[in-house]
Structure formats: C-alpha cells, structure tokens
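Note that subunit A is present in both complexes that follow, paired respectively with subunit B and with subunit C.
Moving on, here comes the complex of A and B:
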C-alpha cells in the first residue's frame, strides 16, 4: 500500500520538469488538490507530498498482517499532531516543516498486537525526493522507515526492477553485512525475473517486426494498457485478480485487432512505407500515453493491495507473487515458441517473416497471419503489463514508455525479426541492467542496457540469432 | 482570463525563443531526413549535449564563443561516434541507436553521481550560465512592449534572446537554402532516393551521410542552447518527447523544404497553445484539471502526427512528388 502512494510525487515531478513553463501552474494545482495548507502538521486520510508539505504515513498492522483500526498515532518533533488509524490500518500526517519527527503509538497497543517497536524517528525534507515522504511501519522495524519513496529508483525509470533491487541494495545489504556476494545473487535473480517480463513484451514486438517490418513505438503503451486494465478490474470493479488479468489480456488482444483493422491494414494496403508507419506508431504512442495520464492521473496505480510475505531461498529474498509471475511468463513464452515451431499457423507466421511475397504465393493468407500476430503481440504485452504491475507493486501511465528502449535493445540483441532471439536478448538485457548496479550508480542502470545495444550494433549488427545480411 | 490575453499568449508563441529552438532542431532533422533520408530519432540528445556543453563551460567562466564552439564540438564528436557503427546499416539501426544514445546522455546527465558536473536531475540553474549572454545585450535594462507583447529586455525570456534566436534561425535557413541547391545537396538527395545509384557513381555515400549527420547535429546543439537560455538546463526537459515534437514540426511544415521547419514550429506552437488556453478558459477546473489539459495537448500532438503521416505526408509546404519517405 505505502509503496504505491509513495511514488506519486516522482511521476508528477518528472512531468513538471518536462514542461517547465507550466510548472508553477501545475504545482499550484497540486497544492490545491491536497487540502492541507495548515501551519502545522495535520492528520489526513491520504497524503501526497507537494512543494508545501511532506508526508509521514504508514499502515498499522499486527504481527499477523491484520490491519489495526482505531489506534491512536502521535506525531511529535518539528510539528505535532495526532490521528487514529482507519479501518484498513492506514494513517497519514501532512507536515509543513523539514526536520526530525517521532511517530509513536501507545506501548500497550504495541504489546497487544505483538509489534516490536512503539515509536520511530524519521526525517522529512520537502525538497528531497527521498525524504519528502517517510513511511513508518511498526511491524517492520528494520529499514522501512527511511526509504519511503525509493520504489521508483531514479524517477525516470519509474519501473525497472527497482523494487526488488531496492530490497537487494537496502535490506539485504544491511542484513548480510553488505557482502557483494549476497547482492550478486539477488541482482542476478531480479535480473532474470525482469528479463522474463521484458521477454514477454519483446517477443510480441519482434513478431510484428518479423511479419510487417514495423518497429512499433507504441508497444510500450500496450504494456501500460494491460497493467491499467488489470488495475481497473481489481480496484475499480473489485474483481478477483485472475479475472482482472484475463480481462486485461482480452482488452490487449482487442486493441491489437482494432489497431490492425483500423490503422495498419489500411496503411499496408496503401503501400505506406514502414518508416512512415513507424512515425505513425510514435504519434499513437504519444496519444495513448497521455490519454492514460488524462484518465488515470500521474501516480502509480497498485494492482494488488496486500503486501506479500517475503521468504529466502539461499541468498535470494523473494515472494510468491514474483515467483508465480515468473512461472507464468516462462509458461507463456514456451507456449508461444511451441506455437511458432510446432503448429501449422506458426509455420505460416515464420514463412511470412522470411519472405512475405513468397508466403503469399504459396497460398498463405498473409493478412490473416499479420492480424493474428497483432492480436497475439498486444495480448502478450498486456499480460506482461499485468505481471509487471504485480511485480513492481503498481503501474503508471508511463511505465511502458520507459521500458520501450529496453525492448528495442532486447530485440536488436536477439536479432530483429527472429522468434526466440527476443527472449534471449531480454534475459541478457534484464540481467545486465540489474547486475550493472553492482559497479555503476543505481540510476544509470538502464544506460548500461542501452550501451549494450550500441556495442552489439558495432560488433554483430544482425544480433545473436539474426542472419547475416549485406547492408550498404 | 479574457479573450485578449488568450490571443496575446497564443500569438506570443509565434516569436518565442522556444519556437525558434524547435525550428532550428527541426532544420537539423530536415538535413538528416528531408535531405539524406536518415532517421535520427535522437535529436534531443544533440540538443542536450549542446546545452550541457554550453552551460557547463559558461559556468566554468569560458567566454561565450568558446562555449558555443564547445557545444558544436561535442555535437560533432557525438555524431561521428553514432555514425561510424550505424550509417552502413539499414535505417532502422540509426533510428534505434540515436534514440538509445539520447537516452544514455539524459540518464547519465541526470544521475546523482554526476551532480558536480551536470547538476543531476535538478540541472544547471540559469544564473550559472546566462549572465554573459545577457550582459552582451545592447538593449536597456527594462521591459519593452512591442505590438501586443511585453517582455523584459535582457533577462531570461527576453527580447534580446528573441532577437538572437531568430537571427540564428534565419542564418540557418539561408545556409540550408544554399546547401540544398548546391551540388553537395543534390548528392544528398540522390542518396535519399537511391544509395546504390550514388555509390555506383563513385561517391562515398558513407562520407556524405556522415557530413549530413554532423551538420544536422550541430544545428541540434545550437537549438539546445537556444532552448535552455530562457529556462534552465534540465535533462528531463530534453527527453525523447522533444525529438518527437521536432519530428511533428518537420512533417507538419514539410520535409525537404527550407522554410518548412520554421512554418511547422510556428503553426504547431500557436495552435497548441491556443487550443490549451481556450480549453483552460472554456472547461471548468472541476471537470478537467490543468494537468489533464496539458495531457490533452500531448494527445493532440500525437494524433496530429499520425494524421499528418497518413493523410498529408508532404506537410504544409512540401511537394508531394518529392516525398522524403521511401520504404
């Protein structure tokens, strides 16, 4: 819960910086939206940091993860206030001054619910991204108090494998005495998970490239669409998660069909060049991305509300949703490869990839193949959006857009248009991005993945599985 | 806000330094795409590099010309580095590499570990790099009103900056006009139409493409300087959206024309600002918030870009027979 809301300011902040001229207006609006302009700390239902106020908030749960309602939480320090926890255990203070704060609950309450601590100290700095919000969890005393907004890593890459690597760099580093070995395995693990999700996205993108020659810039938005559709299912329509996930995939598949029928098929019929179509996908990507922002706002939308229990496998800390997501990704990717290599339609798809004209002459309905490929590709993207949303504890309007370049890198690395190249490329890129944080600063992690792209082009432009072609 | 303010603000975009910066960036793209047929998807990278080169050297106390030369030098080096691996390959590769490289520059620039040099994600604030430029102004230190608009003479978003920016754009347009009609320009067009034909004539296609990439990139770097002068250097304000904007401008005005980028930039910004300002007045805040109107503005640009490519790929000024698109 706190992780979702915690990342809100970054998304908005980044948007503001894009449009400096509108910054003042937007900050004004943001300030208006939060009805906390009081002189001192104030108890609120939900707190979002702005230029004027920071946040101290949290969720009070007993040792068995059950929310504690109606308990009194006291804030003291630079400013003071008092509140009671809501039915779901949440509580929040909006504070005006920077400085040290102490959050306390009654000791008897702490004892009653088996909590290890009854008070905690936090620091608020409104202008620091890391410190404008402090999240206090009395049931987790180790490190949660300080690292409130960390989920988003460096803000640009609002997604990535940040949440897990945070766990790696913060908790396990502290817990294991910051041995590089422990971090190595953790980063390798989160890299593989991230690579699998990336693979799910890239396979679809690569299929589209293979059959139509189009590098789709709007594929990232298809990922976001999946995640947001799932959010609509679980949080707005209150469906169970599996139903919502199926709904999201269905929405994705439908948009794939729709796009092909309305946009790409007519363009192909008019023999519009692929480069021209690529620019259309850029326009589509911009339009979709900002429609998402228009509809869902700039904050992170959480698909699930519960915070999963973590457990250790050797040096790796993980939780069930992550493991299940990874398994689903593997099953689906294997399924897609089986489909491509062992069914009649899969052979037809590969035939179109190799040579569309020849395939058409041999009696393959190229348009039908391309239609199915679009549906499949967008459905896969939607599924990856759902899994990513669960894995990262939320999805925002630009999640897919920040991953687009990594998809491009994966596809290029594996070999443009090759069926299984995308998966291998994705795994390499995912692992590389996460492992590189062992040596370079955390917020440069994606740069390393993009650097691979450029190096690959220098050494082996056709990618790992691509066929050598004479170019130029 | 009354009608007059809307009109003033909207038409103000016609002469704004940002409009000039985008026009210049689009001219750079025009050299790449309109003249040579290369897909540079990372013009924002050139702009950011130019902005950093200028601002960092300025804050170190270099003189103005030195800083501008530094920005140009960085753009040249960057273009060469990007060009060597990709120009021999198919156009897909150049677009992806330029896109990725622009992101790399932005990610490195905004990284906290670079705070000492680039200021991290907060960037470089204007007082660190604009003073020399502003003190060069011959205008008196006050604010002046010309026709509808009142701006300060020298500070930040000023008349002085407007004058300089549009003079630079004008010179760039003249240069483009000369280049496009020179034998060299004809050769570039030849490469655009059929690389192998030019190669068979014994010309070095690679070298010409490289020259074109460098020139367009230098335009981008200068545009970056103009872009940051009225505000501050912030890596995230020069993300890939800026590249997409520049593309929209180029296609709107008409690729492979000299005046296309200027017309495209003016039309796009005036229309966009007009629509947004009108929406702000016409739609109550309770229904659609200011942030949402901003988002709608982007949606409009996105849809406009799609429609342009589909329905009028030659743009406003372009010649349908001389389309710059080739499959």
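Moving on, here comes the complex of A and C:
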C-alpha cells in the first residue's frame, strides 16, 4: 500500500513532464497527416506493417480453400485503392493513415464462389499490434455471417461475441461427434501398443516384487537407461538400431546384476525390511534421474531421426517400427510367461515367489533365483525403454519416472506378483488412457485410467489375476 | 489432476519440508542481513542470475548464459559499474514442474545479496518466485516471461520481452492471411501456453478462421511424453494447419503429427519452439512452416560475440538479446543512481531505458560516458525495444516472423513492430 501511494505522484510527475513533448509530437503527426491523407493507399504484392504503413490484406478463396485469382478488390475509407487477386488468391494494400476502411469484392464473385460476405469494415492503427494489420477473409466459416458487412472491428467483438462463441461451440460439438468414429480404432490401437510397452516394463517389476517382495521405485529409471543407452548407440556411436538395442538390453541386464550384487544382496543378508529397501529404491531412483540429466541434459533425445512411412490397415494408420515393436513386446512377454511356467528355473522362480523359505528348504538356490530375476527384470525394462523411445519419438532423463505410477497401477490392477496379470493390467491402463481422450480432456487421461484401478480394486481387491489371500 | 504431477508435488513437498527444516537455523539471520543489505548504498553491483539449466527449458539456458557472460564482460571492459567490476551469482531454477528447485535457486541467489536479478525466463517459474525476490526490494527482470498477466505485476518486476498479446496478434494475423480455414492447436497446459493460445484464438476467430481442436479444453500436460492420441485427435479434425505451442515437447509432438499424417509443412510455431531443428528431423520436414519470435533477429555480429564467450549455443539464440539488454539496463540504472542497491536500480530503470527521453546510445561503454557527463540517456540495445512503460513492459516491441527452410532451420522473413498495449 505504502509503496503504491508513494509511486503514484511520481508517475504523474513524469507524465506532466512529458506533456509538452507529447504535444509537439502530436502536432507533428497532424502536420504530416495532411499530405498523407491526399495520397492513396497502394496495392502491393506483399504487405508488412512498419512504422510508416499499416496493412489491409487477405486471401480470396472459396469454402474449399481453392484460391480465386483475378478478382477485383476495392479499398475505400480513409484512403482508397483497387487491386486484383494474385494466382494464389492473395491481395494486399499498404495504407498510410490510421482510420476506418472498407474492403469490398464484387457481389457476383461472392455469389459465384459461395462466399458469405462481399464487404467488410476494418480499423487500422499503425502503432498498435492488434490493429496495424487487418486480415480480411470473405470465406469465413462461422454462421453469423448473414449480415454481410461490419463483421470485423470493434463492433463484432462486443455484439457478435455471443453468436460467435455459440457458432464455435456448435461446430465443435458437431465435429466432436464426427471425429469419434475416425479416432476410435486409431486410439484403441495406440492404446494397445502403449499397453504392450507398459506390460513389458511391468512384467519385470512384478517379477522382482514376486520373488523379493520389493516394490522397486527405480524401475522407471531402468526403462530410461535402456532408451538412453540405445540413443548413445544410434546417435553418438552411429551403430545400426538393432545393434544399439542389443547393447541397451545388455547394459540393462548388467545394471541388474550389479545392483543385486552391490545393493540388494547385502541388504537382504542384513535382513533389512522391504519397507526400508523400498525407500532405498526411491533414493536410487532420484540419484539415477539426476545422473541421467547430468550426463544427457534435460532435453528429449531422439533415438531415430527419420519419420517412417506410414500405411493403413483398415481404419488404422501405422508404420513398421511400431508394428515390429509391438510384435517384439508380445513375443518377449509370451516368452517370459513360457519360461516361468514351462522350465525348471521358472518353476523355481514361482516357488520362491510363493514362499521363499519353503523353496530354500526344498533345495532351491533362492539367491541365484533372485539374481536371475533382477537381471531379467532390468533387461526387460531396458528393452521396453528402447521400444518406448522409438514409439514415443524420444526419451528424456525423466521419461521412466513419469511412467512409474502407471506401471504400479498396471501391476496392482493385474494382480501383484503375477506375470500375466501385469500384461493384462497394462493393456487395460494403456487402452483406458488413450481411449478416454475421446470424451475427456487430454491432460486428464491418466486420471481416468487410475479411476478404473480404484473401481477394480474395490470389487476385486487382489487384482484381476491375483490369488485371494486370507487375512489374519 | 494428473497423476505424474502428484508425484512431482509429493517430491516437492518432501523437498520443501527438508528445506524448511534445514532453513530453520539460519532464516532469521539472513532476513536481517537482507534488509540491511538492500537499503544501504553500495558501489558493488552483484548480478543474480536465474537460468533454466535443467528441465524442459534447459535448451534455452545456453543463449541466456552466453548473453549474461557477454554483458558482464562488456560492462567490466568499459570500467564496471561505479568503477567496480560486476560480480555474479547464479543458480539453476529448472522448470515449473520442479517448484522446489525454483525456490531453492532463488534462495541461493538471494543469500548473496544481489543488486539485481536477471531471469527466470519462464512465466510459470516467475510466478513461483517473483514475490520472494521483489519483497526484498530487489528488482528482477525476466527475458522471456511473456504472460499477459505480468503487465504491472510488481514495481520491482521488469521484462525486456513483449507480452503475449503482441506476439499472439501477429501470429493470429499470419495464420489468417495464409488462408487457413480450419486450425488445430496443440498447446501445453501452462501459463505461457494457454495465455498465448487465448490471444491467437481471439485474433484468428475475428478473421473468420475456424479453430477445430485445442480452442479451450484440449491442452496436454507439460510432462506429457505420449503424443500419439493427441496427434490422432488432431488428424481426425482434418485441419489445414496446426499451431504448436510447446517447449521441448515439440520434437516428439511433431514426429507424432507426421506419423499420423498431418502436413508438417503447414505448422505454426511460437517463440518457445521456433528454433533450429536441423539435428532433430530429416531435411525438409518443416519446410514452409512458420514461426514468430519476439525481438529483432540477432545480428551476425551479436551471435558471433555470443559464441566468443565459449558457450555452446545449441542452435538457438532465443532470449539472448533480451538477457543482454536487461543486464546492461540494470547496470546503467545503478550507475545513474550512484548506488548498486535494489531500490536505486528500480528507480532508474525506466529513465535509462529512455522513458524520460535523453541522448541515445547503443552500448554500455557509450551510455556510461554520457552518464559520466551528467546527461540523460536512452539505451537502445540489441532487442530494439522501446523504453519501459508504466507496467514495466517495453513500450514498443518487435516480433520477427520466420519461415523454416529445407534444413529445418528458421530463416528470418520480416519484422512487425508496434506499441505494446498498456491496458
């Protein structure tokens, strides 16, 4: 308060001091304006506003965006001139004085091309950004064009505002209905693709949870690591993409082994509780994120530069990298599932998952199982990072972190500790997130996916595939 | 609403709690020091610098840092402020999704008693931090905060960039005169994005352009990574052209649009994303697309001087001129007022920018010589902006219009200049 009252007289004083100066300028402008008034506006090919001239320009085209060439456009008002439209329909007048102008085309031309108006009023003010250039379009698509004249300028803003917004909302409502059909299959498809990639990440996370009881918050960073390793391969070392992808998976697998040996195995040996271990994963997650940012910077890194050619399958537009990524994801997830259910090691893993102590007693090397699970989990995360980086057109230091909650939801939704559950949960979340934008704003789409999670858990607390557990 | 924002928020809250605990012991002491430090006359000009070195705006930091170095070098080469070399203190504010980092960077700079703070560039970050700085009577100047709400925000808040009302009007007319009938807008849900979007929508609709997507509710989250459903939705509305208002999200977004079959030769970009994409896309992808950047196109001379500071500009000079001029203006204000404290600088900012008239000069050295002769000056820097108006906005400004060439680099086309509205 005090500051404002103190500064007010100051500002006023400054204004008073400037008064004579302003008056001189005003007189000068008035003096200059007299000869300017006599000069006609000039028809030019291209007009850009400067301190000396304003612009009245536009493009004459029909409702189908076809340019109308050779039509006469007349400017009247403060200055007057005439021009004909160019081959691309453009026309322009450079005007020197501020004031009201009217732009008109022949009514017969307007009728011939189905234009809604044949004349419009505009206001030019050279020094004001919103009035130094007036763009006149006779092909306006809004429905309130019946009046024909006086469609632009201050009048419309106040009186026409209601009908304007009404027309806009009408058209958007109509567009909304018609685009749902066009978008339905495409968004279902992109939802499934995203779900598959989410599934690939979640399976590994779920395996770790199943065997060690640990919810790994740093799993997102393993995904980022895979994508960034692939970026290093393709963009920095200029390797072909498949080689880079294998490199990325190898890096991921190695970090899994390393983590287990230096971090998780010692923690387990010391009987640190899973809650404490979980806190360690949160710390690890933050540390890894900022190491990535330190090494790679804060911008989004593109794994590939080129944009693949697209093709249509029925109502869906897609490209080969996306299809191949989806196939890889399916094959790998099915492979992991087969591995768990049909190999000796897989059975050992499931045994550890069910009851580690009992598995150890029956002769299973629990540590070895956990080690392999960590390697597998991190390798899967790295692979999903590569596929995700290609599908999302880039990977940045925090991509994995932004997906972490979706992974947790998928796992919880599908059933904690079950491999198939993670896949089904991911598909549900992915499809829900992408399909929900048909009806709700885009930035709320993940909320809808998580709402499904809550509803499912209320009905089936163990998740879709989870085993019912007795409490107490 | 967004679940990822919740994580960020949780992190922010935790961090804030930690900071609060850590700050308990020393906060009283630093307050006393702050009050005493800012009101007292001093001849040591300490420049506080807030750069977005990390986060989604990190690509804007190199030109700002280079401009900061260049300005300090030019000032000190000309004899410094009040005869003493300028010293600097800087910190990384990150982006608005890291609110904890915004405030800790601000605290870190404020702890060094700066005379003046340059930055931050982002409107959202400015909103998070300006009160902390201006309440200590330290003037701050943003080189990139274009939110229309910031006109007259605080007597201690200045900016060398024109508000979005100006750029939006130019961009809106550009879209209209190109004959666009159905416009789709991909905009991120952020102070800057939606503010600029609203101005452009108003302008194009007045000219009869139909906005088919993104008019009001369809904005994406600033941390979004998956743009396929947005691209699908945009393609389904069958637009003639797409306006993209985003920062670093632009690259994956444009790739998604291209994959969905949207014509990438008819894109319109704004100051947040009109930059050199020659390293990101195949040649020719953006050819013919247009962009606007406030300020005049930096001269080759200025760009080469920026490069001489040894900072890798990364292909963009956005906000470099605004940063440079902001620092020079503050230094001149301190020189004119005879003291490098916050209040003196704040009082003299408008005067050295030429609000009261005076002799025109175009470098710190030339202006310093005039000031030493006791003359009123009018600094005309590299941005080509007019003197500060009553809202501490530039009274007049330039908007450059650029067209992308076959190498996906923006090439300067023409400049529009005019007065910045004050109401």
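A few notes on this one:
One rule holds for everything that comes next: the second predicted complex is superposed on the first by the 292 of 472 C-alpha atoms of A that agree within 3 Å, B and C clash if a C-alpha of one lies under 4 Å from a C-alpha of the other, contacts with A are read in each partner's own complex, and residues count from 1 in each chain.
Rule of thumb we're sticking to: a contact is a pair of C-beta atoms (placed from the backbone, for glycine too) under 8 Å apart; a residue touches a chain by one contact, two chains touch by 3 or more.
What you see is a predicted model; the values in this text were computed from it and never measured.
Once chain A of one complex is fitted onto chain A of the other, the partner contacts of A:283 are limited to subunit B, with no touch recorded for subunit C. Contacts of A:59 after superposition: subunit C is touched, whereas subunit B is not reached. Taking subunit A as the reference chain, the count of touched residues is higher for C when subunit B and subunit C are set side by side.
In the overlay built on the shared chain, the residue A:183 is in contact with subunit C alone; subunit B does not reach it.
Contact with subunit C, but none with subunit B, is seen for A:89 once the two complexes are overlaid on the shared chain. Within the superposed three-chain model, A:317 lies in touch with subunit C and out of touch with subunit B [touch as defined at top]. In the superposed pair of complexes, A:405 makes contact with subunit B and with subunit C alike.
Legend: residue contacts after superposition of the two complexes on their common chain; A:72 is shown touching neither subunit B nor subunit C.
When the two structures are aligned on the shared chain, A:451 is found in touch with subunit B, with no touch to subunit C.
Applying the stated contact rule after C-alpha superposition, one finds that A:434 touches subunit C and leaves subunit B untouched.
Touching of subunit A by both subunit B and subunit C, each in its own complex, is seen for residues 14, 17-18, 21, 156, 293, 297-298, 405, 441, 443-444, 446-447, 450.
The part of subunit A that touches subunit B in the complex is made up of residues 12, 14-15, 17-22, 25-26, 29, 33, 154-156, 215, 267, 271-280, 282-291, 293-294, 297-298, 405, 408-409, 412, 416, 441, 443-444, 446-447, 450-451, 453-454, 457-458, 461, 471-472.
By the touch criterion given at the top, residues 3, 7, 11, 14, 17-18, 21, 48-51, 57-59, 61, 63, 65, 67, 89-90, 126-130, 132-133, 135-137, 139-142, 145, 151-152, 156-157, 164, 168, 171-172, 175, 179, 182-183, 186-187, 190-191, 193-194, 293, 297-300, 302, 305-308, 310, 317, 319, 391-394, 396, 398-399, 401-406, 433-434, 437, 441-447, 450 of subunit A touch subunit C in their complex.
Across the interface of their complex, subunit A is touched by residues 18, 39, 84-93, 95-97, 99-101, 103-104, 106-108, 110-113, 121, 195, 205-206, 231-232, 234, 236-237, 239, 241, 244, 247-248, 251, 289-292, 294-299, 301-310, 313, 325-327 of subunit B. Contact residues of subunit C toward subunit A in the complex are 1-4, 6-7, 53-59, 155, 165-166, 169-170, 173, 176-179, 181-182, 189, 203, 205-212, 215, 217-221, 223-230, 232-233, 235-237, 240, 248-249, 251-252, 255-256, 258-261, 279-282, 285, 350, 355-357, 390, 396, 399, 414-421.
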